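Next up: the structures, one after another.
Each of the next two complexes has chain A plus one more chain, namely chain B in the first and chain C in the second.
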Partner chain A sequence: MAYTSLGFLGFLGLVILVYYLVPKKYQWAVLLTASYIFYLFSGVAQLAFILGTTVVTYVSALLMQKKRDAYKAELAAIGPDITREKKQELKKTAGNKIRRVQFASVIAVLLVLAVVKYLNFAIESTNTIFNVFNIDAYLSPVEKMIVPLGISFYSFQAMGYLIDIGRGRYAAEKHFGRLALFLSFFPTIVQGPINRYGDLGAQFNKEHSFDYDNLKFGAQLMLWGFFKKMVIADRAAPAVAAIFGSNYADYNGSVYFFGMLMYVLQIYCDFSGGIDIARGAAQTLGFNLPQNFERPYFSTSVADYWRRWHATLGAWMREYVFYPVMLSKPLTKISKALRKSGKAKLAKLVPSVVTPFVVFFLIGIWHGANWKYVAFGLYNATIVAGSVALAPVFKKAIEKLHINTEAFSWKLFTIVRTFLVLGISKILVKSPGLKAALHIIKSIFTEVDLDFVFGLDGKIFSLGIDEKNMFVLFVAVLILLGVSVLQENGMKMRETLSKQNIVFRWAVYFIALIFVLVFGIYGPAYDAADFIYGAY
Partner chain B sequence: MEKLLEILGQIRSDIDFTKETTLVDDGVLDSFDIVSIVSELTMEYDIDISIDDMTAENFNSAEAMHEMILRIQDED
Partner chain C sequence: MKNKKLVRSLVFAVLVFALLLTLCDLFEYNNDHSSQRLQTYQDLDRNSVDALILGTSGMDRFWIGAKAYEEHGMTVYPITVEAMPSWVTIPMLKEATKRQNPKVVVVDLRSFVGDYPSNSTKFDIHSRRAIDILDFFSLTRFEAIANTHKTIRLAEVEDAPVIDLSYFLTFIRYHGMWEEDGFSFDELKNPKSKYMGFYMHPTWTVSPMVDYTPTVDTDERIPLEPLCQYWLDEFLSYTEKQDYEVMFMQTPSTRTRNEAGRLNTLKDYLTEKGYECLVLDIDENIYDLETDFYNDGHVNYYGAEKFTEWFAKYLKENYELPDRRGDEKCEDWEGVYDVIKDQVKVYEESLAK
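Let's look at the complex of A and B:
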């Protein structure tokens, strides 16, 4: 069931009604039932996967909790007279026991995800290696692989939860239903945001009374999401599909550049629009989900971008990959050895340079099983690690050239620069393959078609967005840009609007609704059902 | 504490570490700053900062970092 379908709106309406009518202690049950019904729409067989992960996660977390409780009980039994050695010994033994469960359970969850998403990629890559080395062997890929809805999202939440429990961040959830709800909560299951149990779990334990503001703000956020997804993303989609499709070789550098702009627009509006719908739907039920996007195209550096784009994935990576890798024994040893040999600067640099490669490699393959995603990850890692490593050089250059980094012009320059660097990285993702991507990127820098750039040949309107649609897209992008600038300057749009006079307020609601209804892209010709990130 | 402030000042001279109390929560420090801080503290105080110590609360202020260092030293 797509978030942009009428069916979903009806479903949500029904859930809201039942949710606020039942006694509050059963609200979780309403949500869990709704979430599993929503999930069933994607297939019965898929249900087995999410249930399996839920059971493994639930049992393992309780087991870790039991071991931690036993350790605490033992400490308490000995009392304050415990020797430091004894205390350390107990802590170490308990820690090892917990880590074993943590490791096994995370691997179990990860394995299912890896097999479903990456087995065929691994098989094909192995075949390529056989080919390169002239080995006479062939592995046949699995033809009908079931990829359960949102498997990346719920698996990441499950792993995060298991790691948190292992680290003793909070107590394991004893209530199976609530944990199952955390992993299947229907607004978040398709494309996130990726939640942490510490934030969302606590909200499941609370009773939620009907609140008009939540309903109103939630509905407004959903409408904004529909606007981004249906008016902008789905309108730009045909051009992206045409330019980066199998006939990509028919076009030149300037068309590719236009395609890049359209894709950058499409992917942001598709993904962040979907997240707005998810967060809005959750808010109508009284839930506050984390922000996933903070106007990423206003980023002044690639590192800044990754804090603003899909922020919950970034936070997940930071917590469960970046810090553990950085603090890992091999890296710490290398740093220490370098320091001892007097190379303090290099010692500092090593973790900051190595870690991004690990993180971005994972972010790359998280997006899909294909070498182009690996290239996408490594490209980002090189830029992030490179800018850390070269920071002193840049600083010196800025000083020598007397550049005022506080000036607006400098900020604008860094935003445009970052935008272009990211645009290139998105071509890596969108192109049919790595080879095509390299051809496209090269063409952008080497071929300029002035007739196309100035619209002299009218070709721009033959790429799937005709003149009328281009005009609507232009107006919609202006609205998006205007709102984004206001938000960037700290304005909270929905709160500001709610303080306006009733006539103005309702005029805005009405115009916005009509705008989306009239200019939203519907119908079978455009598959509005598909959210790009739904497949990740 | 003075030594800590000096170390922190060398990493991010633009921050007043005596005043800030939401360094992580408000995104004043990014993850690369945290990497530098952890790396420096590990060397300067000869302590092992483990992943269990990597919480926002431990890095939100200089005071919190100081307490963490003392606790780790005490446990060693």
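Let's look at the complex of A and C:
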């Protein structure tokens, strides 16, 4: 069930109604039922996967909790006379037991994710290697592999939860239903945001009374999401499909650049629009989900971008991959060795440069099972690691050139620079393959078609977005840009709007609603020619 | 405070609902001649129509109601939709008889001789041309959707269309009509037919036929598509209970073997049940195939003149339709024939250039 469908709106409306009508102690049950019904729309077989992950997560967390409780009980039984050595021994023993459970459970969750999402990719890659080395062998890919809805999201949430329980961040959830709800909460199951149990789980334990403001603000956020998704993203989509499709070779560098702009727009509005709908839907039920996008195209560096783009994935990676890798024994050993040999700067630099490669490799592969995603990850890692490594050089250059880094012009330059660097990375993802991506990137820098750039040949309107739609897209992007600039300057749009006079406020709501309803792309396509001339 | 918010919410919800209804009303399938024809018909004075012609393009290209009114004073109006499928004939007839009490209903056989649409797109378009011109809140509209659903179920074909929400909320389908070439905001109003249902087209109305497939003469009796047979029986069972007389007609056209064979079957079947059933061939004493038709299934204006001449006399003689000229209720019919003839001259001049 797509978030942009009328079916979803009807479903949400029904859930809201039942949710606020039932006794508060059963609200979790309403949400869990709704989430599983929502999930069932994607198929019965898929439900088995999420249930399996939930059971493994629940049991493992309880087991870890039990071991931690046993350790605490043992400490308490011995009392204050316990020696330091004994305490450390008990702690180590308990820690080892907990880590074993944690490791096994995380691997179990990861394994399911890896098999359904990456097995065929691994098989195809192995076959390619066989081919390159003339090895007479072939592995058959698994046909009709089921990829459960939102598996990346709920698996990451489950792993995060298991690691946090292992670390003793909070107590394991004893209520199976609430944990199941945390992993399957319907507004977040399709595309996140990736939640931490400490944030979302705590909200499931609260009772939620009907709140007019929550309903209002939630609906507004959903409307904004619909605007981004249906008016902008889906309108830009045909051009992206045409330019980066199988006939990509028909176009020149200027068209590719236009395609890149369209894709950058599409992917942002599609993803962030979906997240707005998800967050808005959750808010109508009284839940506050984390921001996932904070105007990423205003980023002044790639590292800044990854704090603003899919922020919850970035936070997850930082918490569960970046710091553990950075502080891992091998890297610590290398740093120590370098420091001992008098290379203090290098000792500091190595973990900062190596870790981004691990993190971005995972981010790349998380986006999809294809080498182009790996290339995308490594490209980002190179930029981030490179900027860390070269930071002193840049600093010196800025000083020598007397650049005022506080000036607007510098900020604008860094924004445009980051935007273009990221645009290139998006080409890696969107192109039909790595070879095509390299051809496209090269063409952007080597081929300029002035007729196209100035719209003299009208070709721009033959790429799936005609004049009328281009105009609507242009207006919509201006609205998006205007709102984003205001937000970037600290304005909270919904709160500000709610303080306005009712006539102005309602006028804004209705204009927005009409804009989405009339200019949104949804429903069966209507082609007058079909009706008038077709199908006689 | 709570009450104030509640009232505000309710007012807001009502306004949103009103907005949706307005949008549904604006963005509907109303820029097509079938819709305009029905729109004009619905605005006619109550009980001012003597006879109805129900069917496909095989009727609205042939019948110049305004000419019949001018020359005989009869008010005979075509309620037609391109390729009107058999499964919407009953709701269309119900819609047409809501405000009018005709003496006779002439039913186009073309709705029953066709094949089941070959793919879901065709099926969808055939159905929606009819469904989407019906009033948004009318029961006949729901009946047309239900019949469509029933047909899909009975047909048991793989490539069947899906009755989605856009069948009920037309706005879902037509909100993008502004994207069409030549769209103007006038289309958001409900335009009417200026020709009392007669189909006018800048070229077809005055063009001769370029090429045609000769009719296949056959005495064969080829069975109807089971679904057509089913809906024909349903149609007959519905009309049996009504006050008006029903006659069937196939207007002149060239025919394939299949069509000719099915028409033979239909004629036998209907005649046996006591219905008047006219299957008209192209009578070369009346029509000139090269100048009176714009394609092998449809006459142009010149052919329509001849057909109307003949059929008006037929109706007058067989059904004793009254002469309504001068009747206040029929003012809308006055002068329309002149409008048609003037427009034809414009088309002729344009074509000559």
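Methods note: the second predicted complex is superposed on the first by the 523 of 536 C-alpha atoms of A that agree within 3 Å, B and C clash if a C-alpha of one lies under 4 Å from a C-alpha of the other, contacts with A are read in each partner's own complex, and residues count from 1 in each chain.
Note that in this section a contact is a pair of C-beta atoms (placed from the backbone, for glycine too) under 8 Å apart; a residue touches a chain by one contact, two chains touch by 3 or more.
Just so it is clear, the model here is predicted, and its values are computed rather than measured.
**Q** Spot which of chain B and chain C makes contact with more residues of chain A, would you?
**A** Counting contacted residues of chain A, the larger count belongs to C.
**Q** With the two complexes superposed on chain A, say which partner A:F510 touches: chain B (first), chain C (second), both, or neither.
**A** So A:F510 only meets chain C here.
**Q** Should A:R295 be classified as contacting the first partner (chain B), the second (chain C), both, or neither?
**A** In the superposed model, A:R295 contacts neither chain B nor chain C.
**Q** Could you look at A:F322 and tell me whether it touches chain B, chain C, both or neither (first, second, both, neither)?
**A** first
**Q** Considering only the touch criterion stated at the top, classify A:R307 as touching first (chain B), second (chain C), both, or neither.
**A** first
**Q** Applying the document's definition of touch, where does A:Y522 land relative to chain B and chain C: first, second, both, or neither?
**A** After superposition on chain A, A:Y522 lies in contact with chain C alone.
**Q** Please work out whether A:K66 is in contact with chain B alone, chain C alone, both, or neither, and reply first, second, both or neither.
**A** A:K66 sits against neither chain B nor chain C.
**Q** Looking at A:K97 after the superposition, I want to know if it touches chain B, chain C, both of them or none. Which is it: first, second, both, neither?
**A** So A:K97 meets neither chain B nor chain C here.
**Q** Could you tell me if A:R494 is touching chain B, chain C, both of them or neither one (first, second, both, neither)?
**A** Neither: A:R494 stays clear of chain B and chain C.
**Q** Can you tell me which positions in chain A touch chain C when the two form their complex?
**A** 6-7, 212, 466, 468-469, 502, 506, 509-510, 513-514, 517-518, 520-528, 530-532, 534-536
**Q** If we count contacts the way the header does, which residues on chain B are in touch with chain A in the complex?
**A** Where chain B meets chain A, its residues are 27, 30-32, 34-36, 38-40, 42-43, 48-52, 54-55, 75.
**Q** Applying the document's contact rule, which stretches of chain A touch chain B when the two form their complex?
**A** Per the stated touch rule, the residues are 88, 167-169, 303, 307, 318-319, 322-324, 326-327, 332, 335-336, 339, 347-348, 351-352, 355, 388.
**Q** Spell out the part of chain C that touches chain A in their complex, as residue ranges.
**A** Contacts found on chain C: 5, 8-9, 12, 15-16, 19-20, 23, 27, 29, 31-32, 57, 82-83, 117, 121-122, 124-126, 128-129, 164-166, 169, 171-180.
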